[in-house]
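A, B and C label the chains in the order they appear, each numbered from 1.
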Amino acid sequence: MKFSQLIQQLGDGVTRTSLSLTQEDDPEICGVADVDEATLGTLSFIENRKFADRVKKTAASALILPPDEDLISQAVERKIAWIATAEPRLLFARTLALFYQPFQPTPEIHPQATIDRSATIGENVSIGANVVICGDVEIEDRVCIHPNVVIYPQVRIGRGTILHANCTIHERSQIGKNCVIHSGAVIGAEGFGFVPTSSGWFKMQQSGCTILEDSVEIGCNSTIDRPAVGETRIGRNTKIDNLVQIGHGCKIGSNCALAAQVGLAGRVTLGNNILLAGQVGVANQAKIGDGAIASAKTGIHQDVAPGAIVSGFPAIANKLWLKNAALYKRLPEIYQTIQKLQRRMKSQD
Amino acid sequence: MKFSQLIQQLGDGVTRTSLSLTQEDDPEICGVADVDEATLGTLSFIENRKFADRVKKTAASALILPPDEDLISQAVERKIAWIATAEPRLLFARTLALFYQPFQPTPEIHPQATIDRSATIGENVSIGANVVICGDVEIEDRVCIHPNVVIYPQVRIGRGTILHANCTIHERSQIGKNCVIHSGAVIGAEGFGFVPTSSGWFKMQQSGCTILEDSVEIGCNSTIDRPAVGETRIGRNTKIDNLVQIGHGCKIGSNCALAAQVGLAGRVTLGNNILLAGQVGVANQAKIGDGAIASAKTGIHQDVAPGAIVSGFPAIANKLWLKNAALYKRLPEIYQTIQKLQRRMKSQD
Amino acid sequence: MKFSQLIQQLGDGVTRTSLSLTQEDDPEICGVADVDEATLGTLSFIENRKFADRVKKTAASALILPPDEDLISQAVERKIAWIATAEPRLLFARTLALFYQPFQPTPEIHPQATIDRSATIGENVSIGANVVICGDVEIEDRVCIHPNVVIYPQVRIGRGTILHANCTIHERSQIGKNCVIHSGAVIGAEGFGFVPTSSGWFKMQQSGCTILEDSVEIGCNSTIDRPAVGETRIGRNTKIDNLVQIGHGCKIGSNCALAAQVGLAGRVTLGNNILLAGQVGVANQAKIGDGAIASAKTGIHQDVAPGAIVSGFPAIANKLWLKNAALYKRLPEIYQTIQKLQRRMKSQD
């Protein structure tokens, strides 16, 4: 489509564009691309001034830019059509959604699916080959279940949710509306509960369930356990990346993002709007306050205050950690200073 | 059931109960719950004095308590029926097992399972839809194989073992009796063996096998590799959580517990009764002695003595690590002291 | 086969053998084994002098040795047939490949596979039970697809590639020739892309694809995401172990080896011949130069120079890290010295 048409479709959020300068440069836009890999006819974006040199090099026909006069004048100079917006990444995401629709199978039930008679299936549901749905499962309208998914008994899957191939939903799990469960994820399996006895481990039965509220995403091969009693709960709109472990009885608030390979032990509590970067670990029963952030590989053993930014292992304030990291690189040198001081002291005796 | 009936069913391990004080308070118990979420008619437990305030607040009708007079008198005051026992968590687990039976499919072979003619299937075996069983596999009595499991050739599955959905058992694996393999786990796949050559990696064939002794549990999406030659072995009654990696040729003793996201490189040896907390890593060929404990995120590069408690990366004695962690928080301040001393020294020159 | 026949079959790479000393000791070799577990009739190997004591103890009938006169004379003394070679491990791998052929199903298409009509299937392809192949997929000759694999639309699988059970290949993925995708791995699923807005996360569509070049191996339950735009690429002959996360848009060169539980965030660039040990993490957009090595659990936040060896978190030069690790163990003692110096200073005031 024409650049001008694209702008019309985007509507709100677009404050200024190159069309305000000249109506003549209205290139045909046939797709979106990374700024470094863009070709003629594609639109790309620049997040901030740090990437200014890319405006000089890109082959993109149009760019989404922050409202930065330097960047804009560079685009003008190179005759690249542009859109200025306070949130370039968001507008790029909205543009991408115009050009790309993810694959979704047709809403039909494959004859090779195995569905228990007691299951309730809504309208316009897609159920792929070799899907197994056990007793008393309730599948709401427009759910899409890709092939080879297994759903244990008494599960409820909310409207519009997508279950990707080879994932497993265990008994009593409740999955909200418009969730996405990626391939290989396991929802609601038994928590890791064993009581030590003189004759070995005694298994704690896991009678609880796992609840995902609406618009939750769970990454590939992630595992969200259920607890012995009560529930494990992932709040509305929380997004979880691949290979993440959520232990039994965790309560996660809404709008959190947990990056890949994060691990929460049992009964961890997360507030809302929390970011945990890759490979973060959180110990049993720790509580993390709203809006807190943990940088990659942080090991959290204790409660974290709302809004805190923590790093390191054991977790400390990120600012302190940055200082320590700088000192850490100089540790042998610092130690030599101490030795020198010590020798000096001895020589004074 | 009545509280008094429950106590009868529990038998041993119950030393004192509220019924010894008064036979009148004999509430109806219809289930078990977490102490914070308990409602009328449920039984819960308190592990120790640290949770004393919960006795004051809980809505539970009955509590399992440690033999602590303060806790008991608080329960008495609130007219909560109670059981005193040296191991409240264990008794709670035993109570839970009275009220909850995990889902188990009926012992039949689904017509949509694909079973090689050379496979041997015992009695009262349950084989779900889309299960694939290759040649020369031996399935003993009362094994339960959930849907979409794949079993490669020459595998043996011992009596009463449960294989959850979507897990994969590779060639020559031997799984003992009463094991549980959770969803998505992969047992006995090829170890990661490549020899560097001038023309790239040369693949080391993985001709060995993986052996799980009796009563082993393997968590969801965990991976237990087989070695080039010989065996990978997980000892009796060892419990492994989700997303754990066990490299080729590891030997793990009995009664160990490995928490989620632990990784053992190749040929690691673990004794018996070892606890590895979440995200612990153990380097190639390291040996860990009986009863050792590693706290979360520990990186073990060398052998660990029996009974040792280690932490940190690289792993050091836990006591030393706790001291270091305290100093770590004060590092910038300590560095300032050193600088002050240095300036002082210079001023004395 | 006879030891002499084995040597003939091995051909190049064998420089000297015990047969050059005496043609009489020509044992029958029926298999290969670990040196500690070897029995009569097996061949094993010793990598270097460090394992000299094992030559004294092994029950192996033949040994592959480095060209080390001491080791050779020990083997001679014990009447063990031997082969001397500069690369014992490589020759052992080549010997193992003579004795062991991995299981491969017969090249036929199982009637219970679900294959879209628009898919193209090459010759001598094996497709197991419950495999699902969506539209416009292209499967080249001699591909082997184990049971319960799901292949989304528009995927291409190159000649001779093996897909193990229960793995999932997402839309538009391109997998080269002679690759191995191990059980449960997920290739080409949606990258973790969400843009924060005042009303929660806005999903960035993931329109890109994942490309594995020839001879790539991906371990069990590993996840290789696709990006919003462009591609995620794993270079020729790169080997990736179990439970590894490769984020959206990563570019990995050729001949790399990534050990288990490694995690690369988004848009990481790796050169060629890079080794990342277990549980290493690499932050967004970091670039690692050719031939670099990161030891286990390293956390890489910044670019790493070609050939560098890094360790620790945050990553520093391995040599510095080793020094720091030694000091780390002495931290409380070092702190006491500082306190002593401080007291001394004060007493001088």
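Convention: a residue touches a chain if its C-beta (ideal position, glycine included) is under 8 Å from a C-beta of that chain, and two chains touch if they have at least 3 such contacts.
Chain identities (UniProt): A, B, C = UDP-3-O-acylglucosamine N-acyltransferase.
Because the structure is a prediction, the values reported are computed rather than measured.
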| item | value |
| --- | --- |
| Between chain A and its twin chain B, rotation from the CA superposition, multiple of 5 degrees | 120 |
| Shared interface numbering between chain C and chain B [over half = same, under half = different] | different |
| Centroid distance [mean C-alpha coordinates] between chain C and chain B, Å | 27 |
| Multi-chain contact residues (two or more partners), chain C | 112, 130, 148, 166, 184, 221, 243, 261, 279, 312-313, 338, 341 |
| Touch list for chain C against partner chain B, complex | 32-34, 37, 87, 89-90, 92-94, 96-97, 99-100, 102-103, 105, 110, 112, 128-130, 146-148, 164-166, 180, 182-184, 215, 219-221, 237, 239, 241-243, 254-255, 257, 259-261, 277-279, 296-297, 312-313, 325, 328-329, 331-332, 335, 338, 341-342, 345 |
| Footprint of chain A on chain C - complex, ascending | 112, 114, 130, 132, 134, 148, 150, 152-153, 166-168, 170-171, 184, 186, 189-190, 192-195, 197, 200-207, 221, 223, 225, 227-230, 243, 245, 247, 249, 261, 263, 265, 279, 281, 283, 299, 301, 312-314, 316, 320, 323-324, 327, 334, 337-338, 340-341, 344 |
